[in-house]
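Quick heads-up: structures coming right below.
Heads up, the next two complexes both have chain A, just with different partners, chain B and then chain C.
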Partner chain A sequence: MLTYFVKRLGLAAVIVSVAMFLLFCMIYLIPGDPASVALGPRATEEMRAALREKMGLNQPVILQFWNFYVGAWTGDLGEEVLSGRPVMTVVLEQLPFTLALIAGGITWSVALGIPLGCWAAVSRGSTADRIVGILSVAVIAVPSFVIAIYALLIFAVQLRWLPAIGAGEPGNLGDQLTHLILPSLAVGLGWVGYIARMVRASMLEVLEASHIRTARAFGLPDRMITYRYALSIAILPTVTLLGVGIGQMLSSAVFAEIVFARPGVGKLVYDAILTRNFPVVTGTVLVTTVLFVLLNLVADLIIGALDPRVRSSF
Partner chain B sequence: MTTLAINNLNVTFSTEAGPLHALKNVTFDIPENRIVGIVGESGCGKSTLINAILGLLADNGTVDDGSILFEGADELTTLSASRMRDLRGPRISTVFQDPMGALNPVISVGRQMINIQYRSDLSKEEKTQRAIDMLELVRIPDARAALGRYPHQFSGGMKQRIAIAMALMMEPALLIADEPTTALDATLEVTTIELLKDLQQEIGCSVMFISHHLGVIAELCDDVVVMYAGEVVERGTTRQIFQNPRHPYTARLLECDPARQSERTRHLPTIPGEIPDLRARPPGCIFANRCHRVQPACTAPPPDAVIVDGHIARCFVANEPTEVGGIA
Partner chain C sequence: MSEVVSNPPGRVAEIWRPIRKILREPLGALGLFLVLLVIFGAVFADFLTSYDPTRINPRARFQGPGAEHLLGTDQLGRDLFARVLHGGRIALYVALVSTAVSLAIGIVLGLIAGYGPRWLDNLMILLFDAMKSFPTVMLALALVTLMGPSLTAVMVVVILVTVPGYARIIRTQTIALKSSEYVTAAQSMGASSARILRVHILPNVIGPLVILASMDIPVVIGIEAGMSFLGLGVRPPTPSWGSILNDGFTGIRDSAWIAIAGGVPIIITTLGFTFLGETLRDVFDPRLKGR
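Let's look at the complex of A and B:
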């Protein structure tokens, strides 16, 4: 178990390093001079040169990457171009909002997707199964920002059931939760479809297994067979899928945060791109990459907790 | 009393290519406290028979005709789903063929053994104790610790013994054993068979033992039912079937048993030909196309000929003497 964990953390470090390299290359290749953007058009050439010197932009590329790489591992992601605050601080300030958004999205997708998938599998071929199938494909096909805009229009503007913008009053948990409902639905709704399809497919497979026949031959109640005996196995591929899906939810979060004017790393990176605030862009992308890799590790650990066969291979 | 009386059972599956008549006019009894062997090739309808008894036929399968009477009281072909579920487990238990896949891989053995006692009023400790007692009875070492383990942590033979323990823990009136030893190696097969026989005598249940291993059937069973292409072609006591087979199919099946080969030979005897397509059953004898004693009369449905009381063969020539040594 411990060796498995250490091995996985080592792998995660390699993945993050590769991501850092790619990120650095992309930022380096983007046209535009951060120094001129930061100082504005009226700055003199000397001022720009001084800022470039300060930001290390005059150093050889390899050295720039090395400084960035070593700095990142020690928690130093550079400073914001305009305010001079440490990027790490800025990103960590915004991170909880995005984490809440993604947790909400996962809650929506799991709470709706798993029961729908089970229902469709148990009543295979029925009208219910077909309706769930069509709805699943429909919500997968619609981009999350479209869902976000319509959810905003219907529930916040027309019906006025839920607040439209912001993340709620700081310190007021209830208010923050009501502000979370719509954006997290926008992030999670597409995943309801994926999860329902996935759960249906793996449930159908598991329900054919001979141990399910054994359970039936012992006269166990249908509910116990479906939820305890079949779903506990059929859920496993869905957990892996969700681990991967968090990456896509992070990008949906960018749209949701812009549409609902919520704080969060998506909004942060969007604003940073518009103002060519490259240290913030790199820092945010890096933190979300680490987050993604860690959450995938968590998904694998959850599978280990659910499946004794995997657990004993750790 | 007869534990299970199957009378004139017919099961059809609707398929895309038309109806498939999987069981045709199946009649036999499982008397109380006896072990009845069901023998036949793959595809002879053994699994369909089990599923029909358990009420677990696939959605496209229906019982068209006939009856399955359990303990003289419950007509299984028309029983409600909930009453059928109450019989499955406590009254009719099943051990399936595949020991690797028969237990749930993500639920501990103990949990599974406690779950199947969900109808019982016993406390959790008592249920656990019963599970331990049963595991000890099937000689699982360190039974208490075994409860916390998962199926993949046991060998195939142990898993099959656990499956037997689960089935017999219910103290059923009828145990259905579907090729319980086929997946095991020869040594394990013998010990498992002996174990099954001991436990059957201890608990006092009837057993329907399905196998294509004639040696095991001869060793274990009191009565034998020979099935071919969804029909019972011959039934009788084990002695009658093995000493005096009257249906040509039974005779050839016995000849094909490798254990009966007395001489070294390059080729094991086989029955030439194949089982006819069950979607288009011939109107006459189902075995006629492969039979070495086929007659013009065989194009009509053969009768269930009584050789002696309890020994019945579905054949026109069953009561004619077999030619001596002429069929090898």
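Let's look at the complex of A and C:
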């Protein structure tokens, strides 16, 4: 297990390093100079030169990359253009809001996806199975920001059931949770489909297994067989899927934060783009990428811990 | 096969058979209908409405749907039906061009990784994995900031996001075919690598990829609409479903019809392409099921 852990951790570090290199290449190769982007079209040539000097853009490329790389690993992502606050602090301030939103999205997708998947598998071939199948495909297909806007329109503007904007009063947990319901639905709804399909497929496989047949032969109730014996095995692939899912929910969270005017890294990046606060943009991309790789790693390690076959094949 | 090609009626049957197979599935028929509807609207936009999608008419601002303006007008008095039809052109243009380009790039990179030396393969896999480790929207936002908002920037984002997936599929299949008997036979007869890849490997790996690419079209349309929604895609006054949705979002309390006009076409198109793609996959390549 330890060897597996170390190997996976090493691979994750390599992938993050390469991702940093790619990000740096994109910044460097794409026409457009970060200093001009930050200052806007009305800046004078002297102002640009001064900022370029401050951002270290006059140094040789290799040195620039090295500074960027070492800085990123030590948590130094540069400073905000206007206020001069460290980017890392700014991003970490906003991250909990986004993580709460993603946790809400996972809650929705698991709470709806697993029962739907089980139900479809148990009633295989029936109309219910078909309807769940079509619904799964449909919620995967529709972009999350469209779902976010329509959820806002229906439940907040027309029906007035739930609040439309903000993250709720600080310190008031109930209020914060109420504010979380709609945005997290928009983030998680697509994943209801993925999880339902995944659970259905692996459930069908497990239901054929011999220990399930044995349980049937012993006359255990169907409900117990499905939810206790079959589901505990059929759930495994879902864990890996969620690892990938969290990364994609991060993308949906950006839109949900903008639509519902919630604080979070998505809102942070969007505002940073509008104010041309370039270091914040790259900083947030890096932090979220590392987060994504780490979550995938955690999902792999959980699978490795649960299923010895995975460990040995690595 | 040769009789089929030399015989015109047989050829027609060859084209019709897959379409009939799709139509036999209710979901496939619905998907095909929705896709054709969207294509029809985009192609014949100029004939279906006499309004100019970018013409501002201050006297007709914020009109609800009615006989004069089928879907109503927006905050500048522009006809929403015309904007939706012309927005379809942008969505389909981005989807087709960027999917075609990333298929071409993905195929070339995948063949190189699969057929080339081991170190190159490892290096390319590492690059693909790193590329996929960026959250899509974050990468898109960073790129658009640097390049400036434009349709080209959106297409670059789409290509960067989709190429690694295509390349990986081609690579896996190329590796599987590389050691097959007929490839070894071609090698022993002195065929060049380029010829083996073009004549013996490419035709065998391309089929599943085209189906998978057709299933990515909704994702691409979502990226374009999403970027335009954030004001980082097409420049105003060019109509895009995303920018219409943004106009509707701004006035969501008083003029909900704008948000409905912008969002429903996105839903119709993504559902249509997804239903069609799923059916295509089930009919032509059941092995891909569950991907």
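Note that in this section the second predicted complex is superposed on the first by the 287 of 314 C-alpha atoms of A that agree within 3 Å, B and C clash if a C-alpha of one lies under 4 Å from a C-alpha of the other, contacts with A are read in each partner's own complex, and residues count from 1 in each chain.
Following the convention adopted for this analysis, a contact is a pair of C-beta atoms (placed from the backbone, for glycine too) under 8 Å apart; a residue touches a chain by one contact, two chains touch by 3 or more.
Because the structure is predicted, anything quoted here is derived from the model rather than measured.
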{"item": "Which of chain B and chain C A:250 touches, first, second, both or neither", "value": "second"}
{"item": "Partner chain(s) touched by A:299 [first = chain B, second = chain C, both, neither]", "value": "neither"}
{"item": "Which superposed partner A:209 touches (first chain B, second chain C, both, neither)", "value": "first"}
{"item": "First, second, both or neither for A:141, with chain B first and chain C second", "value": "second"}
{"item": "Touched partner set for A:220, first chain B, second chain C, both or neither", "value": "first"}
{"item": "Which superposed partner A:88 touches (first chain B, second chain C, both, neither)", "value": "neither"}
{"item": "Which superposed partner A:112 touches (first chain B, second chain C, both, neither)", "value": "neither"}
{"item": "Contact breadth on chain A, by residue count: chain C or chain B", "value": "C"}
{"item": "Touching partner for A:229 - first (chain B), second (chain C), both, neither", "value": "first"}
{"item": "Common interface positions of chain A, toward chain B and toward chain C", "value": "none"}
{"item": "Contact set on chain B toward chain A in their complex", "value": "54, 56, 85-90, 93-94, 96, 98, 101-108, 115-116, 118-119, 150, 152-153, 163, 166, 170"}
{"item": "Sites on chain A touched by chain B in the complex", "value": "209-211, 213-221, 224, 228-229, 232-233, 306-309, 312"}
{"item": "Of chain A, residues touching chain C in the complex", "value": "14-16, 18-19, 21-23, 26-27, 30-32, 34, 37, 134, 137-138, 140-143, 145-146, 149-150, 152-153, 157-158, 197, 201, 247-248, 250-252, 254-255, 258-259, 266, 269-270, 273, 276, 278, 281-282, 284-285, 288-289, 292-293, 296"}
{"item": "Residue ranges of chain C in contact with chain A within the complex", "value": "27, 126-127, 129-131, 133-139, 141-148, 218, 221-222, 225-226, 229-230, 232, 245, 248-249, 252-253, 256, 259, 263, 266-267, 270-271, 273-275, 278, 290"}
